[in-house]
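Would you mind keeping the following structure in view while I ask a few things?
Just so it is clear, A, B, C, D and E label the chains in written order, and each chain counts residues from 1 on its own.
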């Protein structure tokens, strides 16, 4: 039995036994190479689940949908390691209760897809894997290319990209970490971040979002994929993740009991740049 | 003829250490460059990255952020939290093309009037060398003109 | 719209000579929202304040900016003035155009335009100020005094004398501190023990004072009026409630050769001991590290000797928690480790000693019963060389500051020595004689003129032994000649330094300290006994080197501050505290972790039927100290800090 | 016999238009994104696109538009109305669906109160469409009763020649005729065959959809909740839509001056209809998605006689969760009656 | 240009209730005033603004019979209203409008009028009330039923007194249970209940009903019970608006643009709208 069939029947069993009220997985998409999030509430619907190497979205986003978990019932969700990492972060930020999430874990290695052992978040110890996780080579190369630029070149690079931003907030909406009920860009007293999508306002928005994700990003790349104007958002999030690892030896989502990196400190944190 | 460049430096400081240090520079009648504008906050912990960003947009050529030395925070740990934020924010700005010299961080205690004065002179001088921070300022100018479409 | 009054102070010439106040007034008069802008020579004066008050009333002002000195100087003055004129005192901002403008710049145009920018950004801020009300918090009217030296004892007695409870904590087995080690005290030469012991006894017998010796303050939490302190009582192995202080156990203890700390190693003590004869409480402790029973499991002679079964080898250390309203820190000092002066031979030659050793030698209760004897051979020294500033005022090896007491005690030592040993010869190497204080100069003169102390102005370069004598080689700068003195004993006036753990302790209780570890007062001149942390006060040598009169005076001052605080049941606090916007709080608890005061709690939001809707953060305004760390953390901007709100600072930045 | 414009004449053509005072815009690829941008020569243009990622709407209803500049003074606030630049523009290589989008929005911006910002640009622009020769999986113009060769919203329509050497040229409006008069020498009489128009299958039965939407009882149907479950509430479908026209007005500035701006807004955003009282008529994603569909295929038609969709398919093409109008309307037309 | 507002001078500000203020505004420019005089009819609304903060939508609370000035009453809540609440006489604010449709008061001529309002919704009603009272002879009986949560929340207290004194107006005042003060003389109870007790005749009567959605809902039931038909009940809707001129796409309920086809509707028209979107 392939993993797809295995998970279909497992999802169906979870639903029919009443253990979970909902299974969030993937279904066929509008084209042959697309997969779309699929929500199954009945064992029959669970038969529509698809699980293959095209299932790259991070479905943990849906776990923070307002009101979804407020009834205390459980939800099962198909997650790759980056999704599991997101769940760890969400638990550590009190957005999820560990016992409300059943994880149907899987991993994709090129075209191969394998099932992950364990159903509860505590079954997954991702620490080492995440630490040694490197982004796809093209991202890494691009990030290095930017690091090698001088500030003016870097600015031009981002100016070109951010000038395209239309503030559709797709990056925010697909991001599991963007669960705020009111985003800072929607705060108008005072209006720290302008809603206008001129380049300066776009810099503001993208910098603020990157800062808010620093030390919290699960590196799932959802923002990057969602961006309709192809801004390489992943690069800046990758850079932030690298910074917190290098500076504070902190890797977001290693486990679910971390303290937020920017709400904690060590007395001997590096401060070479401070006069 | 354009006017000679006078750097604009915006400083966000905590009231217990650096602000007091700046006061001490005053009571000691130390002289320093008049290019700095101080925004007083209770603690470095209150200094949000948004302040720095807005100051840069509003025409600051350099932003200075300063507070109590580690261990000396009036609020015990505000500066430790601030330090982490600065580390991250600084890296972020650098990655998006803002030269690191444009944002300066320091610890200045209430007793370090002289350090404050020297530092302002040094930052002013350095900013003079760097020239105006045109990158955001030019984007700001674009906003103020009519629609480009 | 806002009606802001701007008042530009000349501060005499202090501001007006560098800032063109006329230009400033004109600029501010043209600023949107400014209803009136005046200038005056001294706004802090009565007529100046009257002007402000009148303007508030006449123009119905909604906010006031006084462009003058630092808010650290006169914020309170003008807040009061606003309140008297019926304007909420928090609708005031001070634009600092003196300390941070006129005094530090030398070019008038630039200073003026800077003053304009400073003032207008604060006008924009004040437009967005909110009316605030001071927060009332209850005051626990019990004080914690940390340190049982003369300063701590005095503070405790003063507070208790006014009828308030005090817990006096001392980490040594007895209170008394350094003063109990001294022989006679300058400038009156009365016996230190004689004047101290009655105070020690008074303290321990006082119904309002709980003396906790052999105890340390482990942790302090809370805020002014509401501190909680954990105090660790070390195991004494002697039941204090039973012990009569008969001393039988000490007599019988077989371990007798332990160098006594109290005697600076010049005398010996037993494993079960009281540090000195007049110890208060007069209850011995067992030095666990030296006790044969604790080392080998056998002995217990003391237990057998005790007729009332006061020895308790099973005693455990315990931690007690108390609530306090105020804390007086009087943790004292230590003397500097003189071994840094290798050239003086301290540690190498037994007869090179410190001033404190000398005190013990001179003390009637000391190891030599008051006879000045050489530690090496017990002989009475013929010639004693005193080296002043052996540590103080020496930035290269010692400390930069003056330890303040050395000139006096050296003179005293010379005197005592002469009194006890006629025909003796004291030679004192000094840099200056600093004898400012009542009767002090007379005292040093007496040493020179009546008791023949020989003062040599100059530094000592080397002390070495030759033929059983200590050769002190130095220079007499007045004569401009090198000198060599063959001495029998050399006494170093070592520097007074903070306690070895002073910095760690300061961090534990949340007060500031200087580069050495002396504790910082809130203001050197105007608030010398307060720390920056409200409700914690300082006295004695933990703040800076002090002699006994100064320590006692400061102790009484700290006590007065404590009593002032305790005069009310409620305390009004600055309303600069954070508050959470519950509708937008996402409940990520970052603020909870970030808060240095544990002032943020989780709060349940329920619907009308009591069902939990969500949890949000909630700030306890009593605990919040207003640092704003939580505000900066909050991603959804759901927390704000009164007095420094996001709106205010945004406006301030946008006006720059 | 018809006139054709040869591809190798395009540089001359651009030059001629520029000489006549036009700025020329065409699909371009810049910074990893395709959109309409100003071009100087033919090689700047990206012809190989089925459709640029960004719509031509950007140039008529920009994402952020300054309306009024104000200065805050002590006694008064000076304000100055800002207007779009008065420049003549040719949009070359517009796809019929994008051009239709403009035509669809015209009545909205024109009814009763005329939106000068839109019409000043419309009146100064000439739209040169190129009939599609390719369609992708997402194209759905035929489903909304338009076609790859629709001339709606166009001033000049070009049909690619089968040999790829150029286009057959046809003016479909007065403005178009006038534009062609600036390049008479570049056009030649010819009767080359044109490339075939792609067959775009109809993906749903529009009549059935409209009927279902018009029926009141369906407004509260569970259908809306089910179909929109995965919608994450971003605005990418609306912002990339050639007909979506919702906006916000915001003041942006500092203490002394600022600009009142008109910025794109989206009915997908949860705060879009939030009252200050906290009441939100459309407080769930399903009601917002319903609004979007209803607005496009029921309300708009009720008001202006036309559906507010030109079938470009961008909403689906760009959706991060693979939603879009097509899927919803397909589902509606497949609902059992 | 379409989004350019008229500058207006604040003549006076009056505090009505906690957080509720009335501004009286006059036109700075005569041509703007002319435009207003020609176009304003009772029921229309405008966008009141302050440069630097933005614009906020509410009705014109002054009647079409008094066009020398504009009055508006609003509750302080958002960024704009908070700033508007802080203006003083002499300050300049802006007004864009008048927009929307109107109460067709000439169709009300010769009929009895019943005005029902709750809380902060008296302002739009007040515009119609005065428009009718200023030509009192054209209408028959006038009844006003007004309720608020507490006594303090009642707005236009002076005018309530004035109406109370008039013998050609029947004023029924009420506050919600618990909202009364010791010296409260009038009714205690919710508007629908008090309305039923007051029992105005539906005969030849037009009802104008304004209030929060929940009050409208229950009051409509009460009116039906009393025999009113939905066609004879007028109300006004206030949705979030940004443009006011049918462009920004925010205010529509179904195919109706509140800003253009509204804000005044008969209850029958409102009932035809998709209720869930209200």
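In the analysis below, a residue touches a chain if its C-beta (ideal position, glycine included) is under 8 Å from a C-beta of that chain, and two chains touch if they have at least 3 such contacts.
Just so it is clear, the structure is predicted and the values come from calculations on it, not from any experiment.
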{"item": "Shared chain contacts [chain C and chain D, defined touch]", "value": "A, B, E"}
{"item": "Chain nearest the overall C-alpha centroid of the shown protein atoms", "value": "B"}
{"item": "Geometric centre distance via CA averages, chain C-chain A, whole Å", "value": "51"}
{"item": "Mean-CA-position distance for chain E and chain A (Å)", "value": "48"}
{"item": "Distance between chain centroids, defined by C-alpha means - chain B, chain C (Å)", "value": "32"}
{"item": "Sequence positions of chain C contacting 2 or more other chains", "value": "583, 594, 633, 646, 650-651, 654"}
{"item": "For chain D, residues contacting two or more additional chains", "value": "64, 72, 83, 248, 250, 252, 254"}
{"item": "Of all residues in chain A, the ones touching two or more other chains", "value": "182, 189, 191-192, 196, 198, 201, 262-264"}
{"item": "In the complex with chain A, residue positions of chain D that touch it", "value": "30-33, 35, 53-54, 63-64, 137-138, 229-230, 232-236, 238-240, 248, 250, 252, 261, 263-264, 266, 269, 271, 316, 318, 320-324, 326-327"}
{"item": "Complex interface listing, chain B residues touching chain D", "value": "58, 143-149"}
{"item": "Of all residues in chain C, those that touch chain A in their complex", "value": "583-594, 613-615, 633, 635-638, 646-647, 650-651"}
{"item": "Interface residues, chain D side, partner chain B - complex", "value": "58-60, 62, 64-66, 69, 82-85, 121, 252, 254, 259"}
{"item": "Residue ranges of chain C in contact with chain B within the complex", "value": "70-72, 96, 98-101, 103-107, 110-111, 114, 117-118, 121, 503, 507, 510, 512-514, 520, 532-533, 576, 594, 596-597, 625-629, 631-633, 641, 643-644, 646, 649-650, 652-654, 656"}
